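In what comes next, chain A is part of two complexes: it sits with chain B in the first one and with chain C in the second one.
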Partner chain A sequence: MEIRGSSVSVSAQPSKSLVAASRASTVRKGAERGIEWWSIAAVAPAVIILLGFLLLFFYGVYQSLTDLKLGRPLVRFIGFANYSALIDDDDFWNSVRVTLTYGVSAVLVQAVLGLSIAKLFASEVVLARLLRPVILLPLVLPPMSVALMWTTMMDPQRGILNYLLSLVGVAPFPWISDPATALVSLILIDVWTYTPFFALIIFAGLQGITDDIREAARVNGARGWATFLHIELPLVAPYILIAAVFRLIESFNQFDIVFGTTQGGPGNSTAALSVQAYITAFQNLNFGRGAAIMVANWLIVLAGAFLTVRLWQAVRRRVT
Partner chain B sequence: MLAKLAALRGHSTKIARGTLMCSLLITGAIAAEQPAHAEGINWRQFEGTSIVWAYDIHPYADAVAAQLPEFEKLTGIKVTPELYPDDSYWNKLTIQLTTKSPAWDVVGTGIQPAWDLSPSQLLEPLDGYLNDPKLTDAAYDYQDFFPALRTALTWNLTDGQIEPGTGHVWAIPHGFENIQLFYRKDILEKYGLKVPTTPPEMSAACEKLKAADPSITPLGVRGVRFWSSIHTAPVSIAKSYGVHDFFIKDGKLDTGLDAPESIAFHKDYVDMIKKCAAPSFANDNWYQVVDGISSGRTAMAIDSNMFGFWNDVAGKPASGKIAFAPPLHAPNAQNFESNIWIWSLAMNAASQKKGASWLFIQWATSKEVDLNGAVAGKLVNSPRTSTWTDKAWLDYASKPEFNDFVDTFKTVQDRAALAFTPRVGFGEAMNAWAVAMQKMVNGADVEKTLHDLATEIRSSL
Partner chain C sequence: MRVYRSGLTTLVLNLLVALCGLVLAFPLGWIVMMSLKGQADVMAWPPNFIFTPTFENFRVLFDFAQAGATSYGTIKVDFLTPITNSVVIALGSVLLSLVVGVPAGYVLARRDIPFKEDIAFFILGFRFAPVLLVVIPLFNIFQAIGLYDTYLGMIWVYQVVTLPMIVWLSRSYIEDIPKDIEEAAAIDGAKPVRIVLHIVLPLLKPGLIGASLLVFLLAWHNFALGLILTSTRAPVTVALLKLLNPGVQFYPVMAAGLVVTMIVPVVLIVVGQRHLERGLTFGAVK
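And then the complex of A and B:
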């Protein structure tokens, strides 16, 4: 196989030196084959752990095909009945809508704000340099603490946000207490928490753009905005997209912020799939149905991550 | 010599008589002691064991936790309390028990969650321990618990469903609550308001109160998206409207949540919530209800009666300002209804330290611990009749700062009963009711929402 694939093997009249080279190559590859066993042994634990994770995942998928109810000893295989019930359930489609709206909106806003903040950090403004470590604070807070903190701040009667709004003459805002504003409020919390992540990644990308590139643009007559739009933005685009992949996965799976503030309410207005799966499995004890919701959530995460990765690859090819 | 012999015989006889008397006395004393030993148990039989006791963060838990050193001194058993916030606790409890984890030995539960955990026998039946003279002290007196509470925690499983009243004992009452309306006397007096008795009266009172002082929330009630918000005000008031969560129709279980009585109740209740409750209703749990009434930001509340009591305790900011009344009832109803909640101690069936766990349950629900907890102002609604006839407790609870607590308790307790139908699947149906309630309060059509709710519940029956 190795010989067939080499340039040597396709030569019709091999010279002595070529034959010798071929033999050396074969010996070297044989030796490499010996090393490969060690490599396999070295990576084996990681592969076994990965297989373990996959096994657990497929076990979860199997559970979604059963009528498993926590606390009930009898479990039956029911095929796709749980999925069929979900497809007919308006609440499920509402959860899909909430999950997509939450994930996509939060990531888009974070990307725009993160880019602005990163650009500010890359500038020579002294205050921006001072703020660099401070802006990381939301990232190091446990998400459940963030949720509880914002729940208090968003209290329509006694929350500090409405107090601040009252100072400028704005009427009280219902925040997480009204179905019309609850989802937007949760997106705001997500944006506050994770924008620093975008800023950090994009700032690293901006640091990689050398001055000679900017200088070349300037020599060619590009002004500040044009330099940003046509030079910097395309160069940091892969960084933005790689951050978006991570954040999209996390936002589609977001649980702590939603459960810690609204538990999916008021009504079903913020019932993201992750929260609905948890409630179905662990509060309603219907684990089979809950597992089916988790699989649906996983499919959305997979599709979102796949599309973003493809976009990232395309942009990266274009840039390089 | 003869005289000496006679004297010696006489002396021997005295000794013999004395010995006989002593023997009789000792035997008698031992005989008299024996019944007492038979009644007692060896409290140190599991000395050196460590157990974990999980519970909600709750003053009832504080009442027991404060006395834990005495238990550890008595038994040599180390107890580690693990206390969690309300919502987290119930979720963790479900996960711990259903995964058959032995990490928790003794757990706090209510009747309703215990129903859902029954089919897999995740809780250890306790009747075997109760009837074992080596494990249960005769002075424990299980019959001292209110009969209604004992009955509620006793059931059989038939075809995976609950048959209450007979069978195994699944938990021991540790404290209980009945649902009442409690209110700030100072606020109602200030604005000249009478204590409402029906939802429409409450709505009218709220409108007056809001007009007089917009900063006050007229009524505090739970509204979270969880069954715990249904088991207080809604189910108590609904029962007075004739609402049945479940009933038997043509030999089959059905829900009555879309019946005309339920529609009438929900229209009144939703209207009342819109006019009376805080804008944060959907996020409010009992913590917010208590905070509102104790701070005076809320004028009235419908919830468990002890929340009023705890804030009347001397030294608290609201001491003496909170009074009690029966819960609201339907305008055309003769009387009110009040749901009960029984805080109970149960044993994890997967526990590997069941003997030590039982000694802890027995001690924590004993007459002494219940009474001490009550007199300390923590374990307000003792489940033991002996506490309610004890002078120390009655003298304490009748202090002026508690206003009409004892009288209202007695009035309400006469009519207080479990308002839910005992059944496996309680959590799923009642969580759905809580979600529907939020939807209706936020403007969804009452009849359609109840129809959808009933359809959802029927599909899972």
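And then the complex of A and C:
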């Protein structure tokens, strides 16, 4: 029906369909020769646009090998001088530490909480079915809005969080205003925002476990925790790890949440590599050094992604 | 599907779910409340949960003719321009990505071209691109060729975020369409272009609407690109940060700004859920 109707609408526009037909016949000839030029033409614009970004990426890597600064007319190639300067710089190693701590601890906490929330909502009690859309909420908000929202709530004097703490008799917490607690506060914001991402993916994994599998486990004498530990957990482990790959990459690159709350401060207690690169390039106007910091950041992202992908592959092989 | 549970277990589970919902929804509720508070209510300690709502903060955001005369002193806010900027940039990016990305998605799903899997991998790899490393050189280039602070430049740069996503999503939606339909049409004598335009595209529409909403959301979220590559054409996420500047008394106005940026995604999800669900139930074979 659908097909018949559409071919009628084509013949209603003779000129257009003629063009289409003639072009299509050349395509068929092309296909017979083995290469579909028409298909290549359809992919080309997307590939060209993205190749532009790839070139920019390489250009950025090249810039990290120069002494490019704003207002400097002569740009010199200085080899690895930017990198050796970074290696001797305590601020740089502080940034590496902040990035690693932020990314790894946020992802670990999110994985555990996400698994619990997924299990909770998979229990399909009345409220779980009603409140499922709420899980999506933090994920659809702009990260910058989330950051600013938590900044107002974490205000040490008038913030609602300290009021809630005072209700249960806890002394005011300095949150993002103290170097000792700022990083933990940021990780908390990241956890609130992205735990739902883990929960949604793990939830999908739990849906894939059929009643047959559970029944077989029960027949074999597995009960409660044993079913969870030996049957469910190994089966959802690949889902947890693939979510971890995505989140680890994005939290190693995290910029919006740090920049919206602390801009790297107080002091340099939350200066993740991406924020440090921004400050170096656009506030100190040292583009070469900033690019070098971003290259370092990118290498950390790559290493983290590689390790988690390997782990994911290993786990998936064991499951199947 | 699960085994029988006692009443107590069910109650505890429901309470835990409610706690989750509360933790996820409370910050938003609090911000909405704050955006509706007058100055006296914002300064009150302990915080008021019951107060007379006022739209003063939203007026300050949008009514820039009179924005100077507020109870907060002189604030000059122009929030309408950044919202317009964000809408133009996000819509433009989605449209360009659709025009460029859907044909690519179709070919990657259905056709045979050399290095097909390599191209697919290359495109998907941009999901993990270090955006700042691309933007640092762009800043200089954009200023040199006059694309700095233009809609055109922003829409092009946003492709690094939106284009891979559209290619990826449209490819997976096309793979969901049964091949039989296209093959049947080909046997009936329909030419490839006609098959794509009159059979694949109509079937793809719900999926594309869902994908467009999702990608619009990604564009709406973006902050770093606008921060670095614009000044007067700054998107709303950048304008938000400026509202924070000098301290506590601006919080309610910023809360109003936050509510505005959050309404858009929440509305999109409410509207889009229907499209997403329809997109999953193609059921067009026959």
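Heads up, the rule we're going with is that the second predicted complex is superposed on the first by the 268 of 320 C-alpha atoms of A that agree within 3 Å, B and C clash if a C-alpha of one lies under 4 Å from a C-alpha of the other, contacts with A are read in each partner's own complex, and residues count from 1 in each chain.
Assume a residue touches a chain if its C-beta (ideal position, glycine included) is under 8 Å from a C-beta of that chain, and two chains touch if they have at least 3 such contacts.
Quick caveat, the model's predicted, so the values are computed rather than measured.
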item	value
Which of chain B and chain C A:282 touches, first, second, both or neither	both
Partner chain(s) touched by A:149 [first = chain B, second = chain C, both, neither]	second
Partner chain in contact with A:128 - chain B first, chain C second, else both or neither	second
Contacts of A:184 with chain B and chain C, given as first, second, both or neither	neither
Partner chain in contact with A:157 - chain B first, chain C second, else both or neither	both
Partner chain in contact with A:40 - chain B first, chain C second, else both or neither	second
Touching partner for A:249 - first (chain B), second (chain C), both, neither	second
Between chain B and chain C, more extensive residue contact with chain A	C
Which of chain B and chain C A:295 touches, first, second, both or neither	second
Touched partner set for A:104, first chain B, second chain C, both or neither	neither
Set intersection of chain A contacts, chain C complex versus chain B complex	151, 155, 157-158, 282
Contact set on chain A toward chain B in their complex	70-73, 151, 155-158, 172, 174, 176-179, 261-269, 279, 282-286
Chain B to chain A touching residues, read off their complex	87, 90-91, 94-95, 97-98, 116-120, 122, 160, 217, 224-226, 278-283, 297, 424, 427-428, 431, 435, 438-439, 441-442, 444, 460
Residue ranges of chain A touching chain C (in the complex, touch as defined)	1-3, 6-7, 9-10, 17, 20-21, 23-25, 27-28, 35-36, 38-40, 42-43, 45-47, 49-50, 53, 56-57, 59-61, 63, 68, 117, 120-121, 123-128, 131, 133-138, 140-145, 148-153, 155, 157-158, 160, 163, 192, 196, 211, 249, 253, 255-256, 259-260, 274, 277-278, 281-282, 287, 290-291, 294-295, 297-298, 301, 305
Chain C - residues contacting chain A, complex	1-2, 10, 13-14, 16-18, 20-21, 23-25, 27-28, 30-31, 34, 42-43, 45-47, 100-101, 103-104, 106-108, 111-114, 119, 122-123, 126, 128-134, 136-141, 156, 159-160, 163-164, 167, 181, 184-185, 188, 190-194, 197-199, 202, 217, 220-221, 223-224, 227-228, 237, 240-241, 244, 248, 251, 254-255, 258, 261-262, 265-266, 268-269, 273, 284, 286
